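In the two complexes that follow, subunit A is the common piece, with subunit B as its partner first and subunit C second.
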Partner chain A sequence: MTEKRIYTKPTIIRHTVGVMNKYGRPPATVPMNRLVGYEVKELAAKYGSPLFVLNVQELREKYRDMTRAFKTRYPKAHIAYSYKTNYMKAVCSILHQEGAWAEVVSGFEYDIAKNLNVDGTKIIFNGPYKTRDELIRAFTEGSMVNIDNYDEMQLIEDIAEEMDKVLEVGIRVNMDLNNPPWHKFGFNMEAGHAFEAVKRAQASGKLKVVGLHIHAGTYIDDVSIYSKAAQGLVDFYTYIKAQLGVNLKYWDMGGGYASHNTLNWAWAPAEQTCPTYDQYAETICPILMNGPFSANNAPKLFIEPGRALVDEPISLITSVAAQKRLPSGARGIVLDAGMNILSSVQWYSYNFQTGQDSGFMVEDTVIYGGLCMNIDVLRQSASVPPVRRGDLLVIPHVGAYNISQSWQFIYLRPAVIAIDGGEIHVIKKAETREYVQEFEDVPDKFK
Partner chain B sequence: MSGIFNSEVTISDSGFLFDHGTGLTYSLNETGQFIFTKMKEEVHANKMLELIMEEFDINEETARKDIDDFYRQLKEAGLID
Partner chain C sequence: MFNSAMKKHFTLTIRTVFQSYGVLAFSPHPVPAAFVLLATFYYPMIGLMGLVGNLISNLVAKWMHANDEAWKAGIFGVSGILVGLALGKYADPSLRMWIFLIVGAGISGVASIMLANFLAKYDLPILSLPFMMVIWLLLLSLGITEESVFKHTAIPFLNKVDIALFEWLPYQLFEFIKMFGSILFQDNLLSGVLVIIAIALYSRLSLIYGLWGGFLGMLTYVFLHGSIDGFHGLNFVLISLGFGGFFIVGNRHGFSLVTLAIITVGLVDASMTTLLTPINLPPLVFAFNVVTILFLFPLKMLPQTVSPLRLIPIPLYLIKNPETNLKWYKRWSGQTTRQKTILTVPFMGEWSVLQGNNGEWTHKGVGKYAWDFVVRDVRGHQSKGFGAELSDYYAWELPVLSPAPGTIYSVENSVEDNHPQTANTERNWGNYVIINHGNGEFSELSHFKQGSIIVYPGQQVNRGDILGHCGNSGRSPVPHIHYQLQSSPGIGAPTIPATFAEVTINRDIHINEIPQKGDLVSAVTMDEISTWSLLGKETESWVFQTKIGWRKSTETLTFSTDEFGLPAIVSRSNHLWRIIDLPNFIIIRPDFKTFPSLLTSSVWIHIVGDRLVLPKYLADGFSWNSGRISRNESNWLIETEGRKIHLTDDGVIEKATIIEKPNIQFILKDRIVKKQ
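Moving on to the complex of A and B:
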C-alpha cells in the first residue's frame, strides 16, 4: 500500500491587495507546538484551556541580563520590580530570589511583599494614594517612600511628629517628556513645584529629602525620553544640592521599559523597535554618572521595570471555539479567552501562533474573544492558518498586566503554570464558582 | 454556468484559481486543490469523503466536517450555490 499524503484542512483563500506596508509583508505565522519543552496540546489537555504558562528560566535570565546592563554602567544600580505588572506570589518570589527589591504602589502590594518576607528596607513605596496606616507601617519598617503630593507630605510630617523623629523621604518629580505630558504624578520641575516641594520638606524640620523619583511613562521605545529624564534629574539634583544642601542617598529612574509586543498603532514590529536593556542602560547611566557627586558617594540608582521583565516569559494557550465568515468576506474566529484575561489588547497587536501543524496557508482573520460582548475583539486582523474548533493558538508575551488586571466576568479565570527545569508547577489554580462567590451572601429574607 | 460552478474556473497545478466570471483569484492548499479538482470532474459530495480518506492520512469524522466547511467556504466565495 502506498503511503498516504499529509492532510491539512482544505482551504480556499481569496487574494487581496493591501496586505503589505512600507516595511514589507506581515510576518508569517510560525507554529508553536511546544512551550518550554512541553507539547502545547499536552499542557492544555492536562491543565485546561485557556492556560497561562511561565518560563521560569527566561524570567531569571531577563532579570540577570537587565541587572548586568545597568550595573556595568552604574555600579550602584539596582532593580526594584514593579509589582503592579504581575504580583503573583511565585513571580515576585522568583525575582526576589534573584535579588530584586519590590516597588509597590498600594498597601495591598506592600502586604504581598511583606508576606513574601521582603525586608521593609528593600521596598520602595510609590503611588499617588497611600493611607496613613500604610505610611506608618512603611516608615516603621524602613521602606523608601516617594512623596507624590502636598497632602501626603503634610500627612508624613504629622507621622514624623508622632514618631518623634526626622523621616527620610523621596520626592517624586515630573517634567515634560511625553505628549501628552504625565503631570498626574509628583511635582513638576518646569513650573518650579518640585523645587518648592523639596524646600518645603527640608524646611519642615521633620523630613529629610534623600531621594528623587521620576517615571518617564509607559512602554517607552524612544530612549531619548530617558536621556531627557536623566538629564533633568542631574540638573535638578545639582540645583537643590547647591541651593538647599540636599545630599541624595538614591535616585530612581522609574519604569516604562518596553517589551517585544507591537503596539496597535505601530508600523514596525516590536522586534525592530524595542530597545535592548543595554540601549536603555547606555542612555541613562552615563548621564547620571555625571551627577554632582564624587566617585565614592554616588547615590544608589533604582530602576523599576515590570513589563520589560515579565511580559515575554509568559504565554497564553487558548483554543478555537468557532470560526465564521463575516459579511465583509473576512474570516473570523472565536477563542475561549477574552479581553477579561487579555486587557493589554487595548495596546498590543498580539501574535497568535498555532499550537499544532496547520499548514502554511494563512488568511487575514478577525480574532474574537469568547465573551458575549461585542467589544471583545482580540485582534482586528491577524494572519492565521486554517483552524478548526478545538485547535490551539499560543499568544506569546502576555505576562505583564494581563493577570493583575484580569477581571472575573462571564467566565472563570484560568490556571497559571510555571515550567522550570523540566518540572511543571501550578502557581495559580483555575478559579471555581465557590471561590468567586466566597464573600457573597443571600440573607434569609431574600430566599 | 460551468458544471456545479457559477462560472468557469481555471485551476493551476500549484493551486492558483481564477474565476472567469468575477475576475477574482484565489489560492487553494493541497487538500483544497484535491477536492476542487474532483469537483470539476463532477465527483459527487457523497463520494468525496471516500476519496479524501483514500488519498490522505485523516480520520472520517474530521474529514467529514472539513469537507462540509470547505463547501461552505466555496459558497461564501460565490463559486458555487
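Moving on to the complex of A and C:
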C-alpha cells in the first residue's frame, strides 16, 4: 500500500524560490513532528489543542547554564526568578529545586512563593505598588524589599516604628540606559533623586540601606546597556559608601535578559542577535567585581531573569481551524489559539512550524487567532507550508508572559503539560466552564 | 655626588660582597665573613685579587638580573673570590694575569647566574661549580707555574709566626689546621685558624662536622696514598660542612651520609689528581662539587610524603646554621600535616577536575600533586559548538584567583595562546604566576591567557584577588587552570601534597580535601546569617566543669596567641591549640607538644582530638560533609565529627560531648572576661 501523499489545493502564486534578500534565502520550514520525544499528534489527541508543553530538562539546563555563567565570574551571584513571567507552581517549583530565589512584584506573587514553601529570606519583593499588609508580612518573614518611591519609604518608616526596629531595605534606582529611558521604577540617579532617597532612608534612623536594585529594561539584546547599568551601580555605591557610609549586603541587576524570539521590529533573527548567558555575565560581573570592596567581601549579586529561563522550554501546540484566501491574494489561516493565550505576539514574530509532514512550498501567510476580534492577528506574514483544517502547528519559545498574562474572553484556557524523563505530567488542567464561573452568582430575584 | 638611591645600592653591594666570604666557609653571616676575609689576606696581593674577583662576579650577576634574594645571600660572589685566589696561587703575577682575573671573574658571574637559574628547578645549590667551569679554562690558557705562590709576599710578621708554629706543632696537627685555610687556597696555619674561628662562630655543630671531616679525610688520604705527603684537605672540609646539617638536616642519618660523602670525596679527588697531574692541572674543588650534587640531587627529588623521611634536604632558601635547621625540622616534622598554606580554589563558580593528583597525562613524578580545572556545561561539554575557537570554551578568559594570601614571586605573561587541541611543549608552563606564601610554600598557576596577568612580582595579593584570566598557553590543549603547591619558587619545582582547606566538591562542603578527577569543585560561599567565631576572644577565659568517669575537675580555656601572634587556646598553660582561620570555618588543632596522657586531666584534649572543625556562620540546617548546625530553643548545636558542641547565642561553648565517650562531661561553669 502506498502512502497517501499530501494534497495541496491548486492556487496560482508567485514563486520566489532562489530569490535572496540581504540576509539570505527566505526561511525554509522544518516540520516539528515530535516534542521532547513525543509525537505532537499524539499529545494533541490526548490532551487537546491548544496545548502548552514544558520541556523540564531544558528548563533545568537553562537555569544551570545561567548559574554557571554568572557564578564563574561572580561567586556570590544568585538567580532570583522573576515570577511574573510565568508563575505556574510547577515551573517555579522546578526552579526552586534548582536553587533559584524568588523575585515577586505583588502580594499575590509573594503568596504564591510562600505557598511553595520558599523561605522568606529568599524572596525579593519588588514592584511599584506594595500594600501595608504585604510589606509587614515581607519584613516579618525577612524578605528583601526594594523601595520604589517616597510614599513607600514613608510607609516602611511607619512600619519600622510600629515594629520598633531598624528595617533593612534596598533602594530601587534608575538611570538613562534606553531610549526612551525607563524612569518608572525607583529613583533616578542622574537627577540626584537616588542619592536623596538613600540619604533620607539612612537619616531616618528607622531604615538601613543594604541593597541597590536597577532594572535595565526588558528584552535587552544589547549588552552594553548592562555594562552602563553595572558601572552606574558601582559608581553610585562608591559614592554613597564614601558619603553616607552605606555597606551593601546585595545589589541587584534586575532582569531583561533576552530569549531566542525575534522581535517584531528586529532586522535579524534572534538566533543571531540574542546574547548568550556568558556574554551577559562577562559584561556585568567584571564591572561589579571592581566595586568598592575586597574580593572576599563582595555583596551578593542578584539577577532576575524570567524570559531568558522560561521562554524557550515551553511550546504551544495549536491546530488549524480554517484557511482562506484574502482579497490581496495572500493566504490566511485561522488557529484555535488566539492572542488571549499568546499575548506576546505584540512583541514577537513567532515561528509557526507544522506538527506533521507537510509540503515544501512555503507561502507567506497571515495567521489569525481564533478570537472574534479583528485585532487577533498572530502574525502578519509567516512562511507556512500548505496546511489543512485540523493540521497541527507548533509555536516554540512561548514560555514567558503568555500564560501569566493570558485572558479568558470567549474560550477556556488550555492545559499545560510538563514532559520530564519520558513522563508526562499535567501541571495545569484545561479550564472548565464550572471553574470559570465558580465565583459567580445569580441572585434569586434575577432568575 | 651620591644620591640616596646610589648610596643604598652601594651599601647593598658592600654587604653582598662581604656575605660572599661567609658563604665560602658555609657561614653566611657578617661576623664569620670578616674572619674569612682576613684569612685571604695572608698574601695581601692574593687577598686583593679575591676581593676584585668577588666584586666583579657579584656585579655581573646583578647586571644580569639575578634574583634579588639569592644575590643578597652572596652566592654569586663565591666563584669570583675563588678565581682570584686560585689565580694568585697558580699564575704568575703580571698584568696579563690581572686581565685574566677580570675576565675570569666576569665569566664566573655569568656562569653563576646561568647555573643558579638552571639548578633552581631542582632546588640545588650552585656551590663553586661556576668556579670549576672557569678556572681550568684560565689555567690551561694562561699556563701554570706551581711555584707562583712564592712570588707573592706574605705579611712578614705573620709569615714568621707561621714558620715558628710549623716547627713547634706536630706535622699532622699543622696539616690538619692548615687544611681549613686550604678551602681558600691558603697554605698557612693562620688562615686555617681564622677559618676555624669563623666556622665556630657560626655554628658549633658545623665545627664538629668540619673537624670530623678533616680527621676522616686525613685517614682516607693516608689510606689511599700511603702517607700524609702532599695532603690537601679542602674537599673534605667543604663536604663535611655542606652535608653536616647545612644542606640536609643534621640527624644521625645525616651524619652517616656525611661520613659516606667524605670517603667518596677522597676517592674522587685521588682519581682526579691521578688524571690531571700529567697535564699539570690541579683538581681543586672538583671532588666537593661533584659529590655534593651526586648526593643531594636524589634527595631533592624525593616526593615530600607525609611520613617523615630519614634524610631530609632543607629547601635552599630556608637554610640557616645547622642548629636552626634542626629546629626547623623538628617543628616541621612534628606537625600532623605539613601543608601550612590555607588554600581555597583559584577560581569563581563551579569547575571540573580534568586531571587530578597522580594524573594520567602530566601530573607525574615530582609534579604529581597538581590539578587541572576546566568548566563544563550541564551536558559535560567544555565548549559550545565544536570548540573550534578558544572563545567557545567556557573557561576561556574567566578570572583566575589567588588561592591564598602571599607575595607574587614571578610572572610570565608573554606566551602565545595555542589553538584548541594543540599544545606548546617547548614552554610547558605557558603564562604563569608563582606566589610566595611566606611560609616556605609557593603556589604555581599556569596557562593564563597571553597578556592577561594583572599582578607583578613583589605585589601583595589577598585570597581571592584576581591574578589574571584563564587561557590556553603552554602545554594546554584546551583552556584550563593548572594549580600546584610547591616547596620552592622555581618553575617546575617539586610539588607538595596539598589539600584545599575548605572546598565544595559535588555540592558538598569538605574540609581539607583533595578533589579527584571528574569532581565538580567550587569555593565555599556562605550567605552569612549570623556570625560566630572563637577568633578575637583574646580577652576571655571559660571555666568548665569536667568529668571523665569518676574524675571530676575544672578546666579553664584561655584564648590567647601563640609565639607568632596567631590565635590559640591555652589550657593549664602547658597545652596549646592553634585556631586555624579558614574563610568560613575554623579548625582547632592541638600543637605538636599537646598530647593526652594518663596524668593529664584535660578533657578538652579529648574533645578536640586531632582536629575540631567549626563553622564561622550559624545558620539552621547548614551542613558540611562531616557536620551540621541546628538551632534548639535557645542555643545552637554543632555536630562535628562525632562531637556535639552546644553554643549560646553569643558564641560561648556551653557544653561539649563526644558521642563515642559518653562518660565524658564538659559543661560551662563560669565565663571570665579579663580586664584590658
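Miscellaneous remarks
Just so it is clear, the second predicted complex is superposed on the first by the 428 of 447 C-alpha atoms of A that agree within 3 Å, B and C clash if a C-alpha of one lies under 4 Å from a C-alpha of the other, contacts with A are read in each partner's own complex, and residues count from 1 in each chain.
Here is the rule we use: a contact is a pair of C-beta atoms (placed from the backbone, for glycine too) under 8 Å apart; a residue touches a chain by one contact, two chains touch by 3 or more.
Computed from a prediction, not measured in an experiment: that's the story for all the values here.
Residue contacts after overlaying the shared chain place A:Pro75 against subunit C, while subunit B stays out of touching range. Applying the stated contact rule after C-alpha superposition, one finds that A:Asp65 touches subunit C and leaves subunit B untouched.
When the shared chain is aligned, subunit B comes close enough to touch A:Arg5, but subunit C does not. Contacts of A:Pro386 after superposition on the shared chain: subunit B is touched, whereas subunit C is not. Of the two partner chains placed by superposition, only subunit C is touched by A:Ser294; subunit B is not.
Of the two partner chains placed by superposition, A:His425 touches none, neither subunit B nor subunit C.
With both structures placed on the common chain, the touch criterion links A:Arg132 to neither subunit B nor subunit C.
Once the two complexes are laid over each other on the shared chain, residue contacts for A:Pro286 go to subunit C alone; subunit B is not touched.
Put simply, more of the residues of subunit A are touched by C, taking subunit B and subunit C as the two choices. Subunit A has no residue lying at the interface with subunit B in one structure and with subunit C in the other. Put simply, subunit B touches subunit A in their complex at residues 17, 24-32, 34-36, 52, 54-58, 62-63, 65-67, 69-70, 72-74, 76-77, 79. Across the interface of their complex, subunit A is touched by residues 347-351, 375, 377-379, 384, 394, 397-399, 401, 462-466, 522-523, 525, 527, 529, 583 of subunit C.
Here subunit A touches subunit C in the complex through residues 60-61, 64-65, 68-76, 121, 276, 278, 282, 286, 289, 294-296, 300, going by the rule given at the top. Interface of subunit A with subunit B (complex): residues 4-15, 325, 329, 359, 361, 386, 388.
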